[in-house]
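In the two complexes that follow, chain A is the common piece, with chain B as its partner first and chain C second.
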Partner chain A sequence: MEVVSQIINGAQGEIILREKSDKPIELGEILIAEDSDNKILLQVYDLQYGSQLDPKRIEYASGLTIEEKWEDLKFHDQELRNYVLVKAKALAQMKKDDNTILVPKRLPKHFSMVRRFSEDDKEFIAKQENSLLLGNLRSGSKDLGIKVHINGVEALSHHVLVAATTGRGKSNFLKVMLWDVLDKDYCGILVLDPHDEYYDVLEKHPASRENLFYYTNKKGFAGAYSLRIDVKTIKPDDLFGVVSFTEPQEQAVIKYWKAFGENWLLEIARDKECIFEKEGVHPGSLSVVQRKIHTKLGIQFEDGNFACDNEVFDISGGEKTIDDVCRLLSTGKKVVMDTSMLMDEAELLVGSIIANRILEVYKAKKAENRLKEFPVVSIVIEEAPRVLAENKINEANNIYATIAREGRKFKVGLIAITQLSSVIPKEIMANMNTKVIFGNELAVEREAIISSASQDLSKDGKNIASLNKGEAIISSIFTNFAIPVKVPLIDELAKPAARSQPVQRKVM
Partner chain B sequence: MRILEDFAILHAIEELIRTASTDAGRPHFEDPRYKSKEFDAANLRPVEKNAKKICFVDGGSAVIMEAPNFAIAAHRVYYSKYNGVKRESPKLSNMIEFFSLTVSKPSSGGINYDTTVYCEGEDAEPVIPDKEDVVFDSFDKTMTSGPVRADISRVAMVAREFAEWKMIELIAQGEDADIIVRDGSLQTIKTNESKYANAAAAACAQKKIALCGVSKTSTLLTTTGAALLPTIKNIADNNGFADKSWFYENIVEINHPDHDAEMFVAKLHPASDYVFRVEISKKSLEHAKAADVISALAVNATDLSFPGYPYGLINSDMMGRVPNDEADYNRIKTMAAASAKGALKVLDAGLKARSAHDVLDSM
Partner chain C sequence: MPSFAHISDCHLGAWRDKTLRKLNLEAFEKAMDKCVEKNVDFILICGDLFDKNIPDLDIVEQATRKMRQVRNQGIEIYVIYGSHDYSPAATSIIDVLHSSGLFTKIMDADNATDKVSLKFLHDKKTGAKIAGISGRRASIEKYYYEMLDREKLESEGGFKIFAFHIGVNELMGGSMHTDECIPVSFFPRNFDYYAGGHIHSRTEKKENGYGLFVYPGTTFGWNYNDLENAANGEERGFFIVDFDSSVKNVEFVETMKNSVKLFEINADNKTTDDVRKMLDKICDDNSFENCITLIKIKGVLASGKSSDINTQPVRDKIYAKGAVNVFINRNALSSKEFDDIKIKADARETIEERIFREHSGMCAAYSLNTLKGDEGARSAKAVLDAAKEGKKENETKSDYADRIAAKIARILGAGT
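Moving on to the complex of A and B:
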C-alpha cells in the first residue's frame, strides 16, 4: 500500500489528513482509508498549509529569506514541521465481504493510513442496467480510466441538468453521451441543435446508419431529412409555451383555432380585416399576434401568398415530419435537428410541438398500460432558462415545464443545458435528479447547483470552481455518491470507429 | 498609573544600561571557585562551519496530581541525532517515558521525600536513577527556596533530571556521535546529581565525544551589575563581529567539583539577535577543540524559525515536553483508576488540602 496521507483529526464530513510530503494530493482527489472490514472512499475538498511553527515566526523567517537573503538558513526537518493539511469527506463505505456500498455512518479509524484510489477499488462504481456513460472516474485531475455509467432509463426519465459555463466541455459531454447511447434502444433522444455541431461527429458511429436521424435544410447535404413542418400541425398550445401573449391576444388565437381548426395560424396571418372584431377580437391585438408570429416564427402572408423566412414552416410539405420524429423517438432512435437557421422561439416551437406530441402519445400508452414497452424519450434543450426560468415556467402550456414536473411518470425527460442554474427555480432544479456539474467560477451559480444536488455538496464550492475543462461532478439520486468524472474527448471515441467503418450516409 | 505615564521605570532601566555600557567591569561570580577574567576583545573568535554528528538531549515533566504529602508526575526524556543539518535515525530508543510517585515519609525526626519510579518496558530501565539517589530531606538546600520545606512537585522532577544524565551516558556508550548537547548548564546543583553527571562525562570522554551544554537563559552578571551575555555581545559588536558568528572564551576559570566545564558565550549565526552560554566538559577539551564543537553547533543553528539556536535543541525540547493536555488525560485516568478501586475519597481529600486556588482560578 502506497501511503499518501494519514487521518489525524476532524469530524464527520470534515476529516483532516496530513499529506505525505512527497505524495502531493489534489483538490477533488479520491482516496481510500480501509480497515479489516471496510473501505471508506474519501474525497478531498480543501487543502491548506499546516505547520508546527507559530505564524508570526514563519512570517519573520520569510523576511530573513527574502529581505536579508540568508541562503544557509532553511527549515530543518521541513517535511516534519511544515506540511499540507487535507480536508476530505467520506463519500461511501464498502463492506469488504460482499462489496455492499453504504452511506458512511462512522469515521475511519483515527490515524488510519490513506492511499490513492486504485483499480482494486473499482467496485465502488457499480455496473448499471441500461447503462448511460457519463465519463471516466476522475481523481483530482487524473483520469482513472474506469468508466462511470448510470442507469439510463432512470436518469433520462428523471431529467438531466448539465451545468457549465462556456468552454467547460458541455457539448463534448453531450456528444459522448449520445455516442454511448446511439446503439442502445432503451432511449430515444431529440437534440435541437442550434449550432449544428452534433451530426458530423455522431454519423461516424458504427450504428449511425440505423439509429441516427438528421433533419436539416442545408442545401446539398446528402444523407439528411428535410426539416420542414406543415404549419397545420402547429397547435395554439405549442405556441403559447414559447411565445408570450397577453390575455386578449391569447383569446384572439383561440378564436381562430375554434373557427378554423388546423388552419388557424394561416388564417391569422392572412387576416387583414380582423374578421372577428365584432366578436371581441381587437384589431390591435390581432396585429400584435400577427407581428409576433412573423418576428418569432418567420410566418406571414405577402401579397396574399404564404411566406416563411426560414423554410422550416410550410404549407405544402412536412405534414408528416412531427409524426415521423415521434415514431423514431418512440422506437429508440436518436434525432438531431439542425435549428441553426431558426430564431430562438422558432427552435423552441419545434421542440415544443414534438414534446407535446410525444407526451400525448406516451400518456396514451400509459393509459393502455403499455408504457413499459416503449423506450424513454429525452429532449435536449440548450440554454434551458429560455423555457425553465422563473418567469417562464408558469406561462400557459409551457410543455418543457410540464415535462420537468411530471414527465418522469410518462418516461419523457429533459436534458437541460444551462450556464445559469440560478435562474431556474428550486422546484424545477429539485426535479432534475441527475446533475452534471462542470467548472463554474460564479459563486451564485455554484450555490444554486450545490443547494439542489442529490448529495451533500456543501463543501464542494472550491472543488467545483477548480474543475478544468472536461472535468465534472455527477450528482444523482441514482448514484451512491457524487462521482467525479473526466469526460473523454469525443474525437478520441470517434476515431477508432471512423477507422473501422467508412461513413455511409443515408440518402433520401 | 502615573509611574508608567512618567516612564519612571524606563528611565531607571535606561540609566542601568548606560552605566553598564560605559563600565562593564568584569564577569562576576560569587563563588570563589570561579575566577573571572578581564573582558578582552582578543578573546573573540570567529566561528567556522564544520558539520559533525550531534545528539541533543532534553526532557520534560508534568505533575499529574499533587498534595502536600505526595506528587505523581509523568516524565519524558528524548534525544535527536543530526549530522550537520541532516536528521539521522537514532540507534537507541530515543524517547523514554516513565511515571514517578514522590511521598513524604518520616525519617530521624524529620521528613524525607521519597520517589519511586514506575515504567513499562525495558527501554526506560537503563535511564532510571537508583532508588536511594531520589530520597531527599524535605529541607534539602539544593531544592528549597528559603527556610521552608521544599515543594514536593519540584522534588518529583529530580528523577527526570537524573534520567537525562543517564541518557547522555547511554548515548555515549551506544551512539555514533561526535558531540552530545544537553539543554542547560553542565553544572550540577541537586544532591546526588554529580554522580550521574560525572558518569555521563566519563562515558563521553571514553568515547572521545564532546559533552556540551547550551543555556537558553542566563542570570550571569558583571561586577558593575550589567548582564554578562549582552555585555559580551556589545564587545563583539564594537570589535568588528556585529555581522558575524563568533564565540568568546576566557570568561572564567572554574574550579568547582560539580562544574567540570569551560564556559563560552557564542553567537551561532550572523542573523541571530541572541547569544548563548555554551559550556564544554573539561574532559572533552582534552581531545576536542572548543572551536570545532561550537562550529558544529553553528552548522545546526541555521533553522529559519530560530537562527542562531541549535535546531536539535528545538526539536528535543518539543519532543521531550509533556504537554498539559497529556497531563490532564493522565490525571483523569488516575482518578478513574482510583475510583474503580474505591480509593477516590482518600485521594480527593489529599488533593483538596492543596488545591483551593484551583477553585479560585475557576471563578
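Moving on to the complex of A and C:
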C-alpha cells in the first residue's frame, strides 16, 4: 500500500489528514482508508497549510528570504515541520466480506494510513442493470479510467438535470450519454437540438443505422426524415404549455377547438370577421391570438392561403410525423430533431406535442398494466428554465412541468439542461433525482444545486467551483454517494467506431 | 407529345380463388389494352408484376401473351422487381422474361466501389432517361439507397424518371411505420418523375426540391384489404404521363371492371341466429350483378361460436343474383363462449404480421439480428411465406424440402 496521508484529527464529515510530503493530494481527490473489515472512501474538499512552527517565525523567515536574499535559507526537518492538512469527508463504506456499500456511520480508525483509490477499489462503482454511462471515475483531476454507470431506466424516468455554465462540457456530456445508449433498447430519447450539433457525431455510431432517426429540413442529409408537422396534429393543450395566453384568449382558442376540431388553428388564422364575437370572443382577443400564432409559430393566412414562416408546420404534409416519433421512442429508438430553424416557442411546441402524446400513450399502457414492456422515454430540453422556471411551471397544461412532477410513474422523464438552476423552483429541482454538476463560478447557482442534491454536498462549494472543463459530480438517488467523474471527449469515443457498412450485395 | 404508362403491383397469380385470379389478370390485360389504345411510347412497371418470383406458368403464359401483343405495337416495357417477384435465393420470372427480350429490367448498376452507381436506361423513342432501384424482401433495398451515388444521378440532364418499389415516409398517411419505408431525402433530386410501386393506394404528391412522386396503386388488389379499400372508393388502375422536357399531364386510368360491395355486420352481443338473420337481410339487396361482394362479420358474439354460422346459403343466394365472387370475412369475429381470437384484424397477412411483431421480443436474446425486433417479425413472415410455397410439378419431395430449407436459411442470413 502506497501511503499518501494519515488520518490525524477531525470529526464525522470533517476528517483531517496529513499529506505525505512527496505525495501531493488534490482538491476533490478520492482516497481509501482501510481496516481489516472495511474500506472507507474519502473525498478531499479542502486543503490548507500546517506547521509545527510559530506563524510569526515563519513570517520572519520568509522576510529573510525575500528581503535579505537569504536564498539558501531552509528549515531544519522541513518535511517534518511543515506540511499540508487535508480535509476530507467519508463518502461510502464497503464491507470487505460481501462488498456491501453503506453510508458511513462511523469514523475510520484514528491514525489510519490512507492511500489513493486503485483498480482494486472499483467495486465502489458497481456496474448497474440497464447501464447508463455518465463518465469515468475521477480523483481530483485524474481520470481513473473506471466507467461510472447508473441504472438508466431508473435515472431517466426520475429525470436528469445537467447544470453547467457555457463551455463546461454539457454538450459533450450529452453526446457521450447518447452515444452510450444508442445501441441499448431500454430507453427512447428525443433530442430537440436547437444548435443541430448532435447528429453529425451520433451517426458515426455502429448502431446508428438501426437506432438513430434524424429529422431535419436541411438539404443534403440522405436518410434524414423531413421535419414537417401537420398543424392539424396540434391541440390547444400543446400550445398552452409554451405560449402565454390570457384567460379570454384561452377561451377563444377553446371555442375554435370545439367548433372546428383539428382545423382550429387554421380557422383562427383565417378568421378576419371574428365569427364567434356574439358568443363572447372579443375581436381584440382573437387578434392577439392570431398575432401570437404568427409570431411564435410562424403560421398566418395571407391572400387566401395559409403560409408558414418555417418549413416545420405544414398544412399538406407531416400528418404522421408525431405518431412516427412517438412510436420510435416507445420502441427504444433515439430521435434527434434539428430545431435550429425554429423560434424558441415553436421548438418547445414540437417537444410539447410529442411529450403530450407519449405521456398519453404511456398512461394508457399503465392502465393496461403493460408499462413494463415499454422502454423509458426521455426528452432532452436545452435551457430548461424556458419551461421549468417558477413563472412557467404553473401555466396551464405545461407538459414539461407535468412530466417533471409525475412522469416517473409512467416511465417518461426529462433530461433538463440549464445554466440557471437557481430559477427552477425547489419542488422541480427535488424531482430531478440525478444531477450532473459541472463547474460553476456563481455561488448562487452552486447553492441551488447543492441544496437540492441527493447527497450532502454542503462542503463541496469550493470543489464545484474548481471543476475544470469536462469534470463533474454526479449526485443521484441511484448512487451510493456523489461520484466525481471526468467525461471523456466524444471525439475519442467516436474515433475508433466505424459505422456498420451495408452488406455488399450484388445490384441487379 | 410523348407519353408513358406507369403501372405497379399487378400481383399476377395472387389469388387462390380462381375467379379473383382471373379478374386480377383481366385488370392487367385491360391496362395493357389501354396502353395500346392511348398509344403510349413505353410502359414502366414498378415492381410486383407477379405475386411470386416463380408464379404458376398458366398465369405467366397469359401475361406474356398480352405483353407480347403490346411489344408488337412498338411499345417498350421496362420493369423493376418488386418485393414479391424478387427472390434472393432463386431466379425470378422477371429475369426469364427479361432474357427472352419481352421487357427490359431497368437496374444496371456498378457497385464496384462503396457506392451504388446507377446507369440510366435511355428510351430510344422518347429520349427519356430511366434509373431505378428494385424492391427487395424486408426492404433490404434501404441499404442501396444509403449507398446510392446521388450526385451522379442529379447531374444528368434531360427528362428523367426514377423508378422504385418502397414506401416513402413523407408520402404515407400513417399506414406504414417509419422503419418500413424510407425518407424522401434518400432519393436523388432533379428527377422529373418518381415512379413508385409497393404502395397499393393511388398517391400523387410534389415534394419540395424533387419532382412529382406517384404511386398508381395496384391494378386490382392482392388481398382482402385491397378489395375492401376498393369497396370504400379506392380507385384501381394506372397512370398515363404526357411529357416533353417536363411532366405535362398525368391521367389516371381505371382497370377494375367489376364493382366491389362491402357489407359489415357488427356481431357484438348478438347470437348466431341474429347474425344469420342479418346475413339473410343482405341477400335482399338486388345489385349483385357482376359484383365482388365482401361481407365482414366482426365483434364478440353473446353466445354460440362463429363456426355455428353457416354462410353457404348466403353465398349461394348472392351468387344466384349474379355476383362474380362472395368473400365472407370473419377473422375479427369472436365469441364470449369461445374466445380464441386475440388479434383483431381483417386480413390473414395483417394477423400474421401483428402476431410476429408482438412476439418478436421473445427472440431478443438470440444472436442473429434477423430474429430480433421488427427485422425479426419481417424475417418470420418471410419464413412463413417460404414455408407456404407448394411443391412444383416434377419436383421430388427431397428436392422440395431442400429448396425450402435453403430458402429459409437465406432469409435468416444463415445460408449462402
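Basically, the second predicted complex is superposed on the first by the 497 of 508 C-alpha atoms of A that agree within 3 Å, B and C clash if a C-alpha of one lies under 4 Å from a C-alpha of the other, contacts with A are read in each partner's own complex, and residues count from 1 in each chain.
We adopt the following convention: contacts are C-beta pairs under 8 Å (C-beta built on N, C-alpha and C of every residue); 3 or more make two chains touch, one makes a residue touch a chain.
Owing to the predicted nature of the structure, the values given are computational and were not obtained by experimental measurement.
Engineer: Applying the touch criterion given at the start, work out whether A:Ala11 contacts chain B, chain C, both or neither, answering first, second, both or neither.
Structural biologist: Neither partner.
Engineer: State whether A:Ile66 touches chain B only (first), chain C only (second), both chains, or neither.
Structural biologist: After superposition on chain A, A:Ile66 lies in contact with neither partner.
Engineer: Quick check for you: in the superposed arrangement, does A:Ala367 touch first (chain B), second (chain C), both or neither?
Structural biologist: So A:Ala367 meets neither chain B nor chain C here.
Engineer: Determine, under the contact definition given at the top, whether A:Arg228 touches first (chain B), second (chain C), both, or neither.
Structural biologist: Touch status of A:Arg228: second partner only.
Engineer: Look at A:Leu328 in the shared chain and tell me whether it touches chain B only, chain C only, both, or neither; answer first, second, both or neither.
Structural biologist: In the superposition, A:Leu328 touches chain C alone.
Engineer: Which chain, chain B or chain C, ends up touching more residues of chain A in the combined arrangement?
Structural biologist: C
Engineer: How about chain B: which of its residues touch chain A in the complex?
Structural biologist: 82, 85, 87, 269-271, 300, 302-307, 311, 315, 318
Engineer: In the complex of these two chains, what residues of chain C are touching chain A?
Structural biologist: So the residues of chain C touching chain A come out as 81, 105, 107, 109-111, 114, 116, 134, 140, 143-148, 150, 169-170, 172-174, 177-178, 182-186, 205, 208-209, 361, 364, 373-374.
Engineer: Hey, which residues of chain A end up touching chain C in the complex?
Structural biologist: Within the complex, chain A contacts chain C at residues 185, 209, 213, 219, 221-226, 228, 311, 317-320, 323-324, 327-328, 331, 373, 501-508.
Engineer: Considering only the defined contacts, which chain A positions touch chain B in the complex?
Structural biologist: 52-53, 57-58, 61, 64-65, 68, 70, 72-77, 81
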